[in-house]
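Just below is one structure, and these are the notes that go with it.
Read from first to last, the chains carry the letters A, B, C, D and E; within each, the first residue is number 1.
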Amino acid sequence: MLENSIFAILALFLLFGSLGMISFKQTIFSGLSFLLAMMALAGLFALLENSFLFLAQIMVSVGAVVVISLLVMLSVNVNEQNLPKEPAKFRWMLLSAILVTPFALLMYRSLTHLNREFAETTAGYGSLKMMGATLFSDWVLPFEIVSVLLLAAMVGAIIIARKEPVNDA
Amino acid sequence: MEAVLSYIIFFPLFTTLFMGFFRVGLRTLRIGAMLSSLLVFLLVLLVAAYFDPDGGMQFIRVLPWIEHYGITYKLGVDGISLVLLLLIAFLMPLLYLYMWTEERKGYWYNMMLLQTGVTGAVLSLDLLLFYLFWETMLLPIFIMIGRYGSGMRQFNAMKIVLMTVLGSMSMFFSILYLGYEFFAVNGWWSFALSDLSTLELDPRTSIWLAGGFLLAFAIKIPLVGFHTWMAPAYGSAPTPAVVIMSAIMAKLGIYGLWRFGYGLFETTLSYYAPWVMTLAIIGLLYYAIHAIMEPSLRRMFAYSSGSHLSMIALGVFLTNIYAWGGSLYFIATHALASAGIFLMIGLLYKRTRSDNIDDLGGIASYAPRFTFFFVFFALSIAGLPGTGGFVAELLIIIGAFKEEFWIGVLTATTMLSAMLYIFWMLQRTVFGPETVATEYFEDLNAREMAMLIPIVALLLITGIVPSLFIPLFEPQIAAMLADLLHSIGGL
Amino acid sequence: MTPEPFFALATLLFSMGIIGIISRRNLFVVYMSIELMLSSVNLILALFSRLHGDMHGSVIALLMIAVIAAEAALFLAIIVLLYRQRRTLDSDVFSKLSQRDTL
Amino acid sequence: MLDQLLLILPMAITVIGAFFLMLLSWNKRFTLKDYNLVAVFFLSLSFILELPQLWNTEVIYIFPEVFGKMYVIDNFSTLFDLMFTAGAILTLLINTDYFKSRNYFNGEYFALILFSVFGMMTLAHSNELVTAFIALEIASLSVYALAGYHKSNRLSSEAMLKYMILGSMTGAFFILGTALIYGAVGSTTLGDIAAFIKGSGDSETLLVITGGTFIMVTILFKIGAVPFHSWVVDVYHGAPFPVTMFMASTFKIALFAIALRLYLVDFAPINAIWSELLQVITVLTLIGGSWLAITQDNLKRMLAGSSIVHSGYMLIAISSIGLGSQEAAPAIMFYLMSYFLSSVGAFGILSFIASRSQKSLTFEDFKGFAQRRPYLAAMMAIFMLSLSGFPSTIGFLGKFYIFTSAIESGQILLAGLGILTAFISVYYYFKLIAMMYFYPTNESQKRFPMDLSGVLIGLMAVLVIWGGIGTGLIPFIPGVDGFIDIAKQAVLSLQ
Amino acid sequence: MSTLLILIVLIPFLSAALMGLVYLSMPRSSKLFYTVTGIGAPLLSGLFSLFVGWELLGSPTDVVLHVEAFQWIALGDFDIAVAFMADRLTAVMLFFITFIGTLIHVYAAAYMSDDAAYGKFFSFFNLFMGSMLLLVLADNPIIMFVGWELVGLSSYLLIGFYHKDAKNVKAANKAFILNRVGDFGFIIALSVLFIALEGDAFTFESIKANIGFLDSSLIALVGMLLFVGAMGKSAQIPLYVWLPDAMAGPTPVSALIHAATMVTAGVYMVARFSFLYNEVPEVGEFIALIGAISALFAALIASYQSDIKKILAYSTMSQLGYMFIAVGLGAYSSGIFHVFTHAFFKALLFMGAGAVIVALHHEQNIFKMGGLKKHLGLVYVTMFIATLAISGIPPFAGFFSKDAILAAAFASGNYGIWMMATFTAMLTAYYMFRMLFIVFFANAREYADIPTLPRMMTWPLVVLAFGSAFAGLLGVNEAYGGSNGFASFIALPDTSHHLSHFAEYMLGLLNVLMALLGTGLAYKMFAVSAKAPIGDTFWKRLVIHKFYIDELYDHLIVRTLRMLSVISDKVIDRKGVDGILHFSVAGYKTAGLLFTKLQNGKVRYYALYILAGVAVMSLLMLDTMEGM
């Protein structure tokens, strides 16, 4: 019961956070809503007894990605008139919501097709130790190449964001 | 000896590649081209000499090509393809003679490529090999029209390519389907004509597939309704290309009807026969009527060509020996006559810079030799007795009467159709008072005469002693016809 | 507690991510919507992991977080670059490649 | 142990090369040419080391005790690896002049190319969905960055933005699908999925089917199927030339590595389910692609549009796989090879010319090209013919196999449509030939560039012709059958 | 002996080819060569023909000479050899073709002596001779048809000889085209006949042998179609319009082609197929009717013409009508007899007219002549004889042949035809004497320089005048004390009608009276002074304008065809066929343009398309799920 109410609260936060993220005109408000949503997501990870994931979500997603995003948002310092005018925003939302319905329906129906209930977890489920054991027994290769991915992304990001004298046509 | 057909096909190609690679000078280029074409001509004569009229398909050469799909490099020659082979080999040296003063090298390269393309198409016995040559021969024509042509050459080059490719794509589809059907039945792939002709398709499929082939041939011939590429292409193309188009390429459509139409769909073709015959008869008259008011000589004879090719196509669908023999004979004689007339138009164009009838007139007063050849070819197009065209037309008409009285009557209108435009054209072109363009019209020189005299001679020989040539192919078509009648009767 | 609400929540999040990409012109919002989509997948992964009782899902989610981070880096870089070029975050402004402009 | 190391050496070399280039790029002493040489050196090393594996028909899982069955080496992946490395080498070599004429390129560019090649190679080798996804992301992110490499050019940045937004959006579908499959199967290894599908009923596989559908969204997007196509034209146009060439010839192929692996191994029992869907998409792709291609003036955009059509042809074969065609899978492999050769050549010539001018190339710019540069024009014509599927070029045989497989699987109408769009493609490819050959120019004839790029393009042209007509008659040189055998062998190694 | 037949045909052809080659390669070669070769060829052929005729004369009537030169076509059952035959009909034809032909050649050598294209002329002339001989000697209808066509061709070349003037070329075109229309019928007839007789050799003999096995309606059809061929060649209604225009050629050409030889080919052909026409007499009656109408019609027009050659042309057409009356009614020998006699006097008339024309420096309008009797005495005398002959005044040649035809018409009971023919006889005398009077008597005036005509032009006239005067005596029939020698020599399967001698006398008298009436009328109206006809009434205008038939044809056929041609180009091809093509191309392109409108560059739209795609995929998958 307690779990249910925690879930309800987190879900609400998550929903409102993401809803706010996609509907706020001001970028910074969107960013903050997104921060909220990400934190709620972390909470849901905790609810699913996935403590390591919870930590990772807080530290990487929230602590690093979203916060850096917020910093970038602040650093570009968009003022009101530079923001895109979006008069038809809600009409577009409605349209895309209608179009997304079949997809959502399909997704939901497929997901619920999986007839599984929450079972009691084994001891140490979600712990760092078990996570590490799985990661380094079964998922070495992805883990290794994720590092290459991060490196490549970093190189790319540096190239793209690096300020250079604009002299070529 | 068994590789002789390969030499005949590829000799011009290799000459082109060799000379193109070493970027030889113009002199070398044209001497090389001429020598290669003469060599090919000799080889073809050799083939003809060793050819056994009763032997069916001969000089067969099979080499594996794409083994996985059973695609082979398969060549062979029989009575029907021998006629076309002789024609091509005969015409090419003459064309080079015509082009002798041509300074653009691309001309020469393209003509040699064209020879390889058309010869290959005539000799291939594997459907994909045939398709390869069938399409490849389009390329030099495309370049010749678009690059060296006149008028709206770019547009017209595109038009001929697109329309013919539409046809060949439909044929391609049919080839694929046939190949697959063969695989489904036999468990191994083959695209050889001799294998695919053993297939027994259900009638519906067969009709569709035959339609695919027919569309390609109908466009190439062209039958009425598929013809709008013809006049622009002929009108724009340089003379050697026009000669090849009308004398050889259009005939390949007819050849295709025989080799692949009857070869693969013996009985199904009779389903289309009424339609094709209707189109052919309409074409016979329609093209002729169209030609009357055509101001450009090249376009006029394009329509004339269409008219006669319709007649040949008609002959192919009249399944009796007279019509078939006549059609095959007409292929040869019309090729000669139209080659002649288009060469004359080319010479005319060289002298007057115009092929527009309105600009011409009175040539007869200045250039008796030119007039002789021009009138001779024009009249042989009109089926003058003494030239081969007459023999062929006579045979087809008799074949048509054999089939049905009214078809015969309509076919016999060919006696009239050519009259409609030829004589009025002659009146305004070579006769009458001279014009600004034809003043001081230069008569033919020795080279030009040397190029034309063989054609004239051959036209006369084919007209006076057809019995020299008919036995070359008669056994072949008689056998095919017997087969066909047998299988129709067997239904 | 049943998994269905979680599924519904993940579906909603993913859908909202898509809606955000399509309906908003603000590049930051578009970027965050994509992050949202990926995060909703993470939720599903964690959920499946829990349902299966093994850690594979969680590990994948963990790897996903790294992927998200990588994408984020590149995204932020391009946003900064574009903002520097045109002083705007409006995605509609960046439509010089439209058919009309290239014909 | 050592032999296993040797097997993954090509990949390792690529990534090491990337690191090495990154390090080098800190040093200002090196010129672009040096970077280029280093990159080509590493790639060539990788290529050469990989080449012998083509004759190795075994399926090997590398370091099974550590990697499980995630990393597979078979003929299939080897063939793809070879195409990737070859594509990258050719891209780099052919564009030597282009790099010289543009000063925005630097060492990291080559590092990114190597990274993306590494990603693609991993993609081809990965036998597991998450690995595949990460590999795909490596390749994609590198290509995104490459597309926006010309930072001062707004079109380039815009291309990167579009590619990135849409790419990430559809990328999310891939991982969503993976998640669904994981939910059903409990594993993301392809072999496990196949076993699961074989061993369970309809309702259990439903999640797998949906997951497969979502994964398909990503694949369709990357190969540019309509209606996931709209980025193709814009991004190809906006990206710098070498990058467009890399994307069109190499990156596009990469997606088929995972798609074929999935459909041929994983989803083999159920892939008939998607055939209807694929047919719809194929029809849209063929028609839409040809619509896009015929309306373009800009050559890059035209080639982009036509590349959509080529994806359509391959989609025909994919749905033929679903409908039980035996020939379809090798057909795709062969088509990939033929498309690779022709498009590398075509883009190569374009970039060769583009390196000498600043404006984007349109049909008009090719007027009189045959007079200016007869050899290049002839080669361009060959590539155009091949792309349009003209006989005696490798493109024709590619189409031949595709359409045969379509007929084999009973998709006669689809084959017909394919042939029809091939016919339409004749128009826009021949238009270029017409431009080159049918118009005079006042400019004088230029010499054939006997440098590396010229020779390579010439080599491509020869290969295109050889692939179309080559026979096994000439000793020591494999004919067309050789190409098909390679394709067949590659596909066989999957099963 | 039989091989001579080959030589008879071959010699003219070879000499034509030889002269043609020499002319083309050495345009300035000596005239003597052309003259010798040109005249020599018909002379040789004529000599050989005489041998042939002698041979036949000494043999039984049913002896036929055969020779096969070589195999022409052999395809299936269609086995045609280039073979020649000669029976007595052939011999007659051979005789006058070569005899008159040679004379005309001689005449032409003088007439054309100033022409630059002298060699070309003789080449064409010999080509014509060869073709005509081929036609006459052919052993089978197919070879006959070849000759038939070649005759048309050479007439085309000869009529258009003065090609600088487009009008002449036009006339030549007209001749060939209308001939070809006839050939169209001919070839259909031959094909039908061949198909019907399939399996048997296709020679005249075998056709004759097998004709009885055929259905009579088929024979009727063949007969009609063959006659269509004859209509074209022999200028009968409705295919006659070329003949008057064909006078555009040099006068020897008119004499040779349109008097003596080519136009009689139709009559010859009907006579050659007499075995066929005897099976279907009703077709014959139709032929006779057409002949009668043509005869009358042409005579009417001739009465109002003012061009000397045109008058002769229409008179030819009229006389041909007589011949067709004869052959149509089964009186083949009478028909051929008229052909024979007509050849002499018509050639003479043409050549005389040519002499007048040359003398007056190419003036052809008779109303610009007059009183030439003084200046051209010899021409006058010979032409007078010819006029008497054609008018049917005894004992000149025309009387006997014409009388035989009229008697046959009367005897066969076709009184309508007989009446028309008789009336035509009056008209014939009228217009011929009209011409004679106007040219030689009326309006005598002084002429500046009338050149002396060369001997080569005049002595053929004299020869022919003898012929015109006495040729008729060869076929005097029993009623007039003769033995009907011609008919018994030629031995054609005539349909015999018996007529009492009294009736024959009466008919003969009537004919003479009619001829005298015509002569009298002409004398009264034109002997002293002559005025050109004025179209003051509708009927006169109609006749002067030749019943507006040319104009009718022009509007009905020529213009229609030209309009159709323009329509086929401008409407059917460009709007129709190309229209459909362009429409579909434009449609496709428009669709493409609309489609590329989606490419608006805005990323959210692109995402929307992707979502739409996903939605469609999802719907499809949902649908699939329902089924599972």
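Just so it is clear, contacts are C-beta pairs under 8 Å (C-beta built on N, C-alpha and C of every residue); 3 or more make two chains touch, one makes a residue touch a chain.
Small disclaimer: the values here were computed from a predicted structure and weren't measured.
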Partner chains that chain D and chain E have in common: A, B, C
Taking mean C-alpha coords per chain and comparing to the overall C-alpha mean, nearest is chain B
The pair out of C-E and A-C sharing more C-beta contacts is A-C
How big is the gap, in whole Å, between where the Cα atoms of chain A centre and where those of chain E centre? 102
List the centre-to-centre spacing of chain A and chain D in whole Å, with centres computed as mean CA coordinates. 31
Taking each chain's centre as the mean position of its Cα atoms, how many Å separate chain B from chain D? 43
Quick one: report the Å distance separating chain C from chain D, using the average Cα coordinate of each chain. 26
Using the touch definition from the top, which residues of chain B touch two or more other chains? none
Touching two or more other chains, which residues of chain D qualify? 130, 134, 137, 141, 144-145, 148, 151, 158, 160-162, 165, 169, 176, 180, 183, 203, 206, 209-210, 213, 233-234, 295-296
Hey, what residues on chain A touch two or more of the other chains? 92, 95-96, 100, 103, 106-107, 110-111, 114, 138-139, 142, 146, 149, 152-153, 156-158, 160
Taking all chains into account, which pairs touch? A-C, A-D, A-E, B-D, B-E, C-D, C-E, D-E
Note which residues of chain B are touching chain D in the complex, please. 63-69, 73, 128, 131-132, 134-136, 139, 142-143, 146-147, 153-154, 157-158, 161-162, 165-166, 169-170, 172-173, 176-177, 179-180, 183-184
Inside the complex, what are the residues of chain E that reach chain C? 596-597, 599-604, 607-608, 611
Show which residues of chain E lie in contact with chain D when the two form their complex. 588-589, 591-593, 595-596, 598-599, 601, 603, 605-607, 609-610, 612-614, 616-618, 620-621, 624-625, 628
Chain A residues within the chain C interface of the complex: 3-4, 7, 11, 14-15, 18-19, 21-22, 24, 27, 30-31, 34, 37-38, 41, 44-45, 48-50, 52-53, 56-57, 60-61, 64-65, 68-69, 72-73, 76, 78, 82-86, 89-90, 92-93, 95-97, 100, 103-104, 107-108, 111-112, 114, 116-119, 121-122, 125-126, 130-131, 133-135, 138-139, 142-143, 146, 149-150, 152-154, 156-158, 160-161, 163
Taking the complex as given, what residues does chain E use to touch chain A? 604, 608, 611-612, 614-615, 618-619, 621-622, 625
